[in-house]
Amino acid sequence: KKEAGDVIKVGWIGPLSGDQAVWGQCESNAVKMFFEELNNNGGLLGKKVEVVAYDTRGDGTEAVNAVRRLTSQDKVIAIIGPNSSGQAIPISSILEEMKVPDIATVATNPKVTVVDGKVKPFNFRICFIDPYQGAVAAGYAIDVLGFKKAAILYDIGDDYSQGLTQYFEETFTKKGGQVVAKEGFKTGDVDFRPQLTKIKAANPDIIFMPYYYKEVALSAKQARELGITATLMGGDGWPSEQLMTMAGDAVEGSYIINHLDFDDPEVQPFRNKYKQKFGKDSEINGYLATDACTLLVEAIKKANSFEGEKIKEALEGIEIKGITGNIKIGKDTHNPENKEAAIIKIENGKYKFVEKYAVK
Amino acid sequence: MNILQVNGLTKQFGGLTAVNDVTFDVERGSITGLIGPNGAGKTTIFNLVTGVYKVTGGKIVFDGKEIQNEEAFKIANMGITRTFQNIRLFKRLTVYENVLTACQYNANYSLFEAMVFGLVPKKIKRNSRFYREEKLLKEQAEELMEILGLQDRRNFIANNLPYGFQRRLEIARALALRPKLLLLDEPAAGMNPEETEKLTELIAFIRDKFDLSVLLIEHHMDLVMEICDKIVVLNFGCKLAEGTPKEIQQNPEVQKAYLGGGNNA
Amino acid sequence: MSGFIQQIINGLSIGSVYALMAVGYSLVYSIMNFSNFAHGGIIMFGAYFGFFFMTLYKFPFSVAFIASGICAALMAILVERVAYKPLRDRRAPFLYFIISAMGVSIFLENIIIATIGPTFRTYPEVFSAQPIKIGNLAIGRIDLTMFIISAVFLVLLIYLIDHTKIGKAIQATSFNMKASALMGINTDFIILLVFGLGGFLAGLAGVLFGMKYTVYPQIGNITLKSFIAAVFGGLGSLQGAVIGSVLLGIIETITSGYISSQYRDLIAFVLLIFILVVRPMGLMGKVTEDKA
Amino acid sequence: MLKVKNLHVYYGGIHALKGINVEVNQGEIVTIIGSNGAGKSTLLNTITGIVKPKEGEIFYKGEKLSLIPHKIVAKGICQVPEGRLVFANLTVKDNLLLGAYLRKDKAEINKDLQNVYEIFPRLKEREKQMAGTLSGGEQQMLAIGRALMGRPEIMLLDEPSLGLAPLLVDTIFKIILDIKKMGKTILLVEQNAFKALEIADRAYVLEQGRITLEGGAKDIASDPKVQEAYLGKRVVG
Amino acid sequence: MLSWYYLKGIIMLAGIYLLPVLGLSLLTGFTGLFSFGHAGFMAIGGYTTAFMMMKLEVPFIPAILMGGLFAAFFSFIIGKLTLKLKGDYFCIATLGFGEAIRLLLDNIQYFGGARGWPGLPLKTTLITVIIIDIIAVILLRNIIRSRHGRNMIAVREEELASSIIGIDTFKYKMISLVISAFYAGVGGGLLGTYLGFLQPKIFSLTRSTELTIIVIFGGLGSLTGSVVGTILLIALPEILRSFANWRLVVYGVIVVFIMIARPEGLMGGKELSFDVLRNLFRKRVKEAKAEGGK
């Protein structure tokens, strides 16, 4: 191939600007850190890896342009990212055309990898999918915690939030629970009191809040101000070192469905390295992006080739041990299969690992 | 036969009665003057006749049809148009574009025709209504500019024209509609006596050439007295007098309220 | 019933956030006759100023509050000089100002993202987070503060505009700069004054917003709502801006609480259209017949 | 008192004033006559700083004038602009008070206000009306009244009689003479050249951006060329 | 240097965005109405096209035309209600409309809600885009150079004066709005079948404002400006791609800079036509000859 000498390129796309920049910047940092270290340790199959990172503003059309550029101009061998389904879905036709595999970090919509029962050959992902996470949350709430009346507050304009809501509601009602209130807000809102006042009137045992930590902190605080005492529960949009500083007591006692246990010794090297290098804590995306890199590197080693199609084949069915747990990519789904969720409880302002849980 | 009849026309702004029960008519083919002190309600009457304001009371009959409270553009299309005292040109367009735009009244081709025939070979285009009418409009615009002496400044942006020329352009634009009744609001304002005289001739010429009737507001008495067949005098919104220029000039009430010693006539 | 009253309180609380932003926005509108979309960016900077003054420099709240207002005012003036004055000098139509303002707002938001980063920040606690409780009802302390500050500034500004010479000069300048200059009005100064005042209010709004919620680069987007509220109330009318804001807040909460939170904005929008159809100049806007 | 020296003004490519020299002495009425587009308004606008000259200088009381309108006004130069430019969204009274924007003497301002109301009783009646809804002539009265409120030392009048009823035209010219009697100086642009020349001390004829004639008002008025071009064939009165 | 594959993508995207920009150019540049809701019309067009193709199996071209028509229909209703409003009031109404459409789509699970609608047929090709663009430009040019276009400009310049020369101002605003919505709708349809995916998020307020920025950037009242503006402003973020997180900072600066350096936009009311080019060329030749003669 055309790679200049002994350098190969890996692409990354995601939001470096715009309202999702928090996640994108963390991912791009993690990816760069990963390959820097890899290069220092002798590279990959004898070659150095260069990371080409492009901003998408979190926008689908921009993602398409970025991927076109990565695949044709920069001739990357594979792409890590993006961080949302809205970006991951439209790029698949280009990946197919250019035969470059992509591992999405937190694009959780099932349709990123499978549409109408057909798997998209070059799209992979490292995260759980919405139905799984929604079901885990609902299952844990009703089966383990024994709550029967749930309320949901969700972001109407957000795909992730809508996905979790749907599957939480389905599982929860199937298991005999009752969703007593389901209220929506719009991306960018900061005041949730009207919805919470209504939720309060419905008197739920638990409030499911499937969205990101900024809104979580605000809505949790406002809920407590209004005198709501119900337990709060959320998904992988929650875990962040920032949540606690922002929300304080308001999230005390809440449950989170997470990819990993932050205190797991296996997680510490990355966690510390990141903090040391960038002066702040990594978001959850950093962990997943790192695992995506590991996955890619293992696949390349397994394929012993930099050719897209070979890497793609190697990815199918590959098994690795990442920081977010054991990952096995399903051949027909391109998703990590049977990835167990970590149940985390917030206690004394700390994330406390409770157990690994898979819904029955 | 009267082209315009105004009957008991009244307009109030809040508590202020700007036009109070005014009745007069404009004979077909005549030039009628509408004079009166500042704030007498002259411009307001124009605004009522052209549909810019809604009337409070009374009737306006044009060519046998009641038109009070019709929409402005409908009244214009029936054949009444005007110039504005506070000039309202299409400021950023050229003189030519101002006139050409106003000529639109004389064309009928549809939007669809415009879309289809706009850019096709001349051979096909030539037989289309679009082509014929556009050509006609352009000729009309040229002719109007010629009549009003605007040819030299055809490519001037209207806003940059000297005051006097802006007034002429207003007249040209109004004439583009081939109106049956033309309302002129102080057309000579900002013109010197020489120019005013030319304008006097022009108005008479226009009346004959375009076969229209004119209702005219003016404070230049030489102009009014020279060309008006009849004059209506307003004062504080009410009609004060009506008659031939001679009668008006000699009317003591008009002298007292408006002319002041008569040395302007 | 207590639920209903709580919802009204919620509405007032949201409304006063909109109001604080809308007043400054409307002030600039009333003189420049264009929607200053950079206002949101200034508010966001105000929030960051306050945050850093309090955390990095450990200013006491009151000092940080006023200092942020002043910094934001200077920034607004800078924006005026850089992005609007050249246009003004060329007598450009208002559309160009709007685009320039959008450019500024894109710039402001992203300069923060690119330099100090996109993460969210939380103010140290100044007002107790514990709301004032009256029976079953909860009223936030910051809400109350915001409400009072908007009201006070509204009264001050209305006094300034309607009852002082400077106010008349502001109105005159807004209508016709050339004629105002001929009256001996230093129109340049008037414009700076208005932007300064607008910016000062934006700074205060930013700090209060940051304290009530949090600080992040997209705060400016909230101004969209106050923009809508200002239009709703009648553009250029300060009273209208406040009334529009409070009403919008209440409409939003009532819709969320009693009709549907999912379709809240849709319903608010339909209502907005309805009101504009009935009153095309907004609630408090003056209806003037076009004098020909 | 006011001295315009070799003034050149361009609007883009249009050379509107081509080297104008005009002088106005203390206590004089000087009139400028010329047909549409001659550049009369341009000259006045340049003096008050609204239009920037490309070349040339303007001296006021021997001092070179700056180009910033509000500073010029502060020196006591005031213009009644063409097209009136009243503040449409303000009341009649507010318009008048803005005329006195730079003055601080409350009592005197009030006296002048009453004085203006005396000259134009119509304005008193319409004190609270929005200026934009006034009739054309009423707006013209307002524009003149507003200028009077500034108590300028020199007034630049751009067609003050425009749109006024004949009775009022007489009044206006009387007022101009009254102002002169108060020791003020006036630069008058008028289409009604006959009247203007009647009250003026000196006059300039402006044609296509150039001064073609200047001299005592009486001389100019009797110049046959001027009579033909600007006074109309039938000299009335 | 630049790979064709990548370039093709940018050209296609620019070509797609050109349609809503042209529509908006007619509305804002020629009729003087400001809209912040055109992304909403794009959304309607996109979803209608997708619905036609996926659920009713309508062929591609009729489907995008239906998308345009449906957007036009919506604009007609909105116009009926709001075209009487002036300036910013109308602008707010369109802004609200755009947001409302997005909210509605977020809630309609039949179309995938906020999670979007993947798997749309990838029908948009470079050739289709270019052909549609050319047709769109020609039609618009024809409108503008006709009495109908002049009437729109008159409405923009001075509404009252337009009505007294017999122009039904409401009708012309409506025509302009409907045509511009149609263009936006077709653009939305093409975008959907280019991405193979639709999501309400794509049609955000930012998109609407971007369209407006392009129109004004290119120059109000100039179709050439709209075309040039679209190409430049769609390409600009690509050119700036290597600036990473400074990208939008630079973008903002450039927008402000162009506005203050050339407030009338790139083309400012001027059109580049073959006549102009020819004249320019002739003038050059003449000048050259004159020079040579000396």
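Structural remarks
We just call them A, B, C, D and E in the order they show up, numbering each chain from 1.
The rule we apply is simple: a contact is a pair of C-beta atoms (placed from the backbone, for glycine too) under 8 Å apart; a residue touches a chain by one contact, two chains touch by 3 or more.
As the structure is a computational prediction, the values presented were derived from the model and not from experiment.
Counting only chains that touch, the fewest steps needed to get from chain A to chain B is 2. Among the remaining chains, those touching chain B and also chain C are D, E. Taking the mean Cα position of each chain as its centre, D sits at the greatest distance from chain E.
Averaged Cα coordinates give chain D a centre that lies 49 Å from the centre of chain E.
Measuring from the averaged C-alpha position of chain A to that of chain D gives a distance of 74 Å. In whole angstrom, the spacing between the mean C-alpha positions of chain A and chain C is 36. The centroid of the Cα atoms in chain C and the matching centroid in chain E are 30 Å apart. In chain B, 13, 43, 50, 52, 84-86, 88 are the positions where the chain touches two or more neighbouring chains simultaneously.
Counting only residues that touch two or more partner chains, chain D has 133.
Chain E has residues 103, 107, 160, 245, 247-248 in contact with two or more other chains. Against chain A, the residues of chain E that register as touching in their complex are 2-6, 8-10, 13, 102-103, 106-107, 113-116, 118-119, 122, 191, 194-197, 199-202, 237-238, 241, 244-245, 247-248. Chain C meets chain E in the complex at residues 35, 82-83, 86-87, 90, 92-93, 95-96, 98-100, 102-111, 113-114, 224, 227-228, 231-232, 235, 262-263, 265-266, 269-270, 272-273, 276-277, 280-282, 290, 292. Listed in rising order, the residues of chain E touching chain B in the complex are 138-139, 141-143, 145-151, 153-154, 157-158, 160-169, 175, 269. Those residues of chain A that touch chain E in the complex are listed here as 16-18, 21, 25, 28, 53-55, 57, 59-62, 64-66, 68-69, 71-73, 85-86, 89-90, 92-94, 98, 109, 111, 115-116, 155-159, 161-163, 186. Interface residues of chain D, counted against chain C in their complex, comprise 48-50, 69-70, 73-74, 78-79, 81, 85-90, 94, 97-99, 101-102, 130, 132-133, 146, 150.
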